[in-house]
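First chain A sits with chain B, and in the next complex the same chain sits with chain C.
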Partner chain A sequence: MTPIDAKRPLQLNDQGQLRHFLSLDGLPRELLTEILDTADSFLEVGARAVKKVPLLRGKTVCNVFFENSTRTRTTFELAAQRLSADVITLNVSTSSTSKGETLFDTLRNLEAMAADMFVVRHADSGAAHFIAEHVCPEVAIINGGDGRHAHPTQGMLDMLTIRRHKGSFENLSVAIVGDILHSRVARSNMLALKTLGCPDIRVIGPKTLLPVGIEQYGVKVYTDLEQGLKDVDVVIMLRLQRERMQGGLLPSEGEFYRLFGLTTARLAGAKPDAIVMHPGPINRGVEIESAVADGAHSVILNQVTYGIAVRMAVLSMAMSGQTAQRQFEQENAQ
Partner chain B sequence: MTLSILGARIIDPASGLDQVSDLHIDAGKIVAIGAAPAGFHAARSLNAEGLVAAPGLVDLSVALREPGYSRKGTIASETRAAAAGGVTSLCCPPRTKPILDTSAVAELILDRAREAGHAKVFPIGALSKGLEGEQLAELIALRDAGCVAFGNGLSGFSNTRTLCRALEYAATFDLTVMFHSQDRDLAHGGLAHEGAMASFLGLPGIPETAETVALARDLLLVEQTGVRAHFSQLTSARGVELIAQAQARGLPVTADVALYQLILTDEALVDFSSLYHVQPPLRTRTDRDGLREAVKAGVIQAISSHHQPHERDAKLAPFGATEPGISSVELLLPLALTLVDDGLLDLPTLLKRLSSGPAHALRLPVGELKVGAAADLVVFDPQASTVAGEQWRSKGENCPFIGHCLPGAVRYTLVDGHISHEA
Partner chain C sequence: MSLPNPAELIRQMASDLQAHLARRNITEPRYIGIRTGGVWVAQALLEALGQQDAALGTLDVSFYRDDFSQNGLHPQVRPSELPFEIEGQHLVLVDDVLMSGRTIRAALNELFDYGRPASVTLVCLLDLDAGELPIRPNVVGATLSLAAHERVKLLGPAPLALERQDLATVSAL
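Moving on to the complex of A and B:
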């Protein structure tokens, strides 16, 4: 089964520009490249003494986080500020009341305060789609991570990292290692790599952490780390959550590290100039050895920097696409 | 009151009758098929030329939501919706509030159903108190109050020995047990069929083995205890195979399937639409095709709506936070006629799966057209069509078929000779 791009009309406007950014599913290669090019141009902004451009002046961006986050939330805040937007951040606890009601009512209230854009993180897969489709279609919705489903800005910042270090995707071997099953980052990365033309995408992990039907992403599955890492250009490590030891997915952190932890010795099987990535926060000694995380191959901190540029690109593109769509619809209505 | 239905194609799957004729009703019963009895005078005659008259449909699972969940539906609203779908008899599952585990709840439901008068209601009692799977409900008191079978819904029993005793107890009194075989542990936390679609969407999966593991166990327990068993809401092709094997061994088990499982697959989840959130879940095309073949072959005797109406808010949330279920009883006949349009079944076989099939499965005294039987009928126009949702009587609008043009249109539904629906 190939993924169906039924979401496409939802996140694109009539001209095929972004109006929401919910998932990388169904987005064409040209659009992903445009995001990367735009992000590249914003990287210069971050290097300047005055780090602001006026693209979102007068606009209000609301970060609504129903799940804890430090890195993603902060980089979204910085990205919006550097675009000169007004930024509000809300950390909404999901425990107090029924999740759906909180989500619906919270966003409806924020919409009434004339927010122009929502960055939403939520524990339920599909939350961002739900908001874009049923809650406030007139507001640009940026998915900051929904359940296990998608983390498209992380996916794009990973792509920017790869492109800046490797130039292009056409001849690369990329390995994604660890807990694929629960990872929205892995899903977004697999989609992005495939769309951008990466010919060799590998996923490595025990069967308990690999989703059924993962072949649909066009990836090769390895259950042995050394085999999977052989001659790869890029290694993307995933965070292993502590709670995976419950429910029988894994016996222990120690055994996981022994089999799937990225050590200097194991990394030696990859290409000599391989880069090591991780969406963070890293668990030293669980999925990655400190010497690797801090070593010469690691680009983990570069990812954070690129994350701001990618989020600036996505925020500005979605705002422009949403504004264009609203103008188009108003003209049509008249 | 007397009534004649004139010139209809009368189909009675139980007896094999299929001919254009007249049917005469007096005092709620069918008094003649063909010529009217001597001295019979019809107070009302329905010109039914070009229409089909068949036994009223028997739906083995219609959640009426009362008592306890009247924001989702009431006995009056949902039985009225059922009448519009051609249904004259229906079973309601025990998950009410309070749970249908005492005769008082059964009596309340039956009283309100009689008062509404749109359909005959046959409650399914809880097999265990509170559906908790720990202590037996008072099955005989429930039977005497009108419960026709006993089930535990998808909650199941955590302790297999307790389940086994429940089956032995039910067998002692020749009660029918309705199984919804799903392994609690394997299904725990799941939202969709464990397969490529759920993986793609990042939805926790319910594997096929959640059904087959439980089915295999339940079938062995049925064989050991000799209890009368009906397996409800099958979802997988492998599950159907287990039923077929048991039937081939001579085990007298029956089965039903939700009509939407014969139409939809998990591919419908692609844009996270909560309308397709059902439990047990929609599965693959292979499963759907296996279920369809089993309906054709008669391994599955009954097609039910598994109607679950919800208020709007219950579906207005991200997929995982929504309540499962589809409201579809009022489309039962037109939606089922798509199976005839698809060439899967001929019309008499479809009507059998919708009337005498389910009636026999639970030994309900309905589902046949014969002289002396209650005049429970559906009269429909097979050439006309129904735009789903043009009129809507259920309180639950959670129906993915709304807006679709479906084959056939129910003209009259009659319960005990009274017209419960007319269009």
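Moving on to the complex of A and C:
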């Protein structure tokens, strides 16, 4: 399935508010900023003794994971629970589909259980978009990662991490390093950084792991790590996606680490106050040295905390947008 | 009917509040303003009390409102900031205009998620006497009765002023 990238009309309701969250492509800067601002407020909720607000009380959020994930699934569960929603998680890869049920039928069944929102993760690019368009337009669909296409909540939690540590995006140099080809995180991050006004976005990786035509994202391409890291404020490391790799894209992991692994010595070329990010799970000694992952520049664990707040923001905003849309349609029908 | 001057109301409220706290033997209350108008009133009140340096908590009740399923999330929600303990403390909760009481209901719910206060004293600049919920202020600047299509808005932060709005002409409320 080829993803169609002009998703803005589908994602927004008639008043321009979020009603699905499928991709960052085409979303305006104001909306991304609103997500970050709302997430900031939810971060404060996460720091309280009672980490729960009653916003989605009585709503049902259904996590439908066609592809395995621990961090994304658990942080979505926590986010929904902290909004007081009822949450069920289905690991579809291990249930109905193995018995031959189609994606369409699985979702229609979940819809019949009166779910108000689906968080969907799927190995095929465009799956969440397909569901929002053809299966259940009344249910808010949140993309929890689809194939190589997009991982918009990861993109936004990375933006929240950058904004909380660096204040703004206007004067930053940000480097995205590693397996760009297979990375939906890289794609979401490039789009978000561009929209939020980051002037210097660099992608660094071996030629075999850089997609053709990547320059269209308005990024500078480097195949030499030391050159690419020079004076950057933010380093976003990507996981080497061995499970998605087919054919001889890399000679070996050792070779990759020797050329593109982030070590203390290489990080020294970045700004002295640079931060190091990674969407996890990290492969120590493959893309990042332990001393860097656990070092003073690393904000990798902060990202996890911010991820819950960003997911709370997106869940509540999409629910809010769906409600507003239904009201709008009712008023127009009268 | 002309609207009262907030500065004059706040002077009176300060002395009423002092009397109220003295009657209850409350010596070190914690002040909390409800965003945004309530924060302005609380700041003015602390100034009138000669306590402008006292810690002031700010509450954003957007996550606790009961109209989420009708109106959705307020787009300019900001974090609540309470720079002190709530547990066991005497609180003075300040808002600008008390109408239905729903904002106060939401604020109390939020406060109780931080801890169990010893008491909550409610201070409002204006009471519009709409009384949809059994919530009354302990200290109030003035009570007004408005026509059904009228609202009052506090402008601020300095100087504070009250403005009458007509729902028939103002749609953005």
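As a working rule, the second predicted complex is superposed on the first by the 316 of 334 C-alpha atoms of A that agree within 3 Å, B and C clash if a C-alpha of one lies under 4 Å from a C-alpha of the other, contacts with A are read in each partner's own complex, and residues count from 1 in each chain.
One rule holds in what follows: a contact is a pair of C-beta atoms (placed from the backbone, for glycine too) under 8 Å apart; a residue touches a chain by one contact, two chains touch by 3 or more.
Computed from a predicted model, the values in this text were never measured in an experiment.
Touch criterion met: A:P54 reaches chain C, while chain B stays clear of it.
Looking at the shared chain after the overlay, A:D146 reaches chain B, while chain C stays out of its contact range. Using the contact criterion defined above for the overlaid structures, shared-chain residue A:R19 touches neither chain B nor chain C, since it reaches no partner.
Touch criterion met: A:L43 reaches chain C, while chain B stays clear of it.
In the superposed model, A:F130 makes contact with chain B only, not with chain C. Once chain A of one complex is fitted onto chain A of the other, the partner contacts of A:R239 are absent, as it touches neither chain B nor chain C.
Contact with neither chain B nor chain C is seen for A:H278 once the two complexes are overlaid on the shared chain. Within the complex formed with chain C, the chain A residues making contact are 17, 34, 37-38, 40-45, 48-50, 52-55, 316-317, 319-321, 323-324, 327. By the touch criterion stated above, chain A contacts chain B in their complex at residues 1, 3-4, 6-7, 10, 25, 98-101, 103-104, 122, 124-127, 129-130, 133-134, 146-150, 184, 187, 211-214, 216.
For chain B in complex with chain A, the touching residues are 194-205, 207, 267, 270-272, 274, 313, 316-322. Residues 60, 62-64, 68-73, 75-81, 109-110, 113-115 of chain C are the ones that touch chain A when the two sit in their complex.
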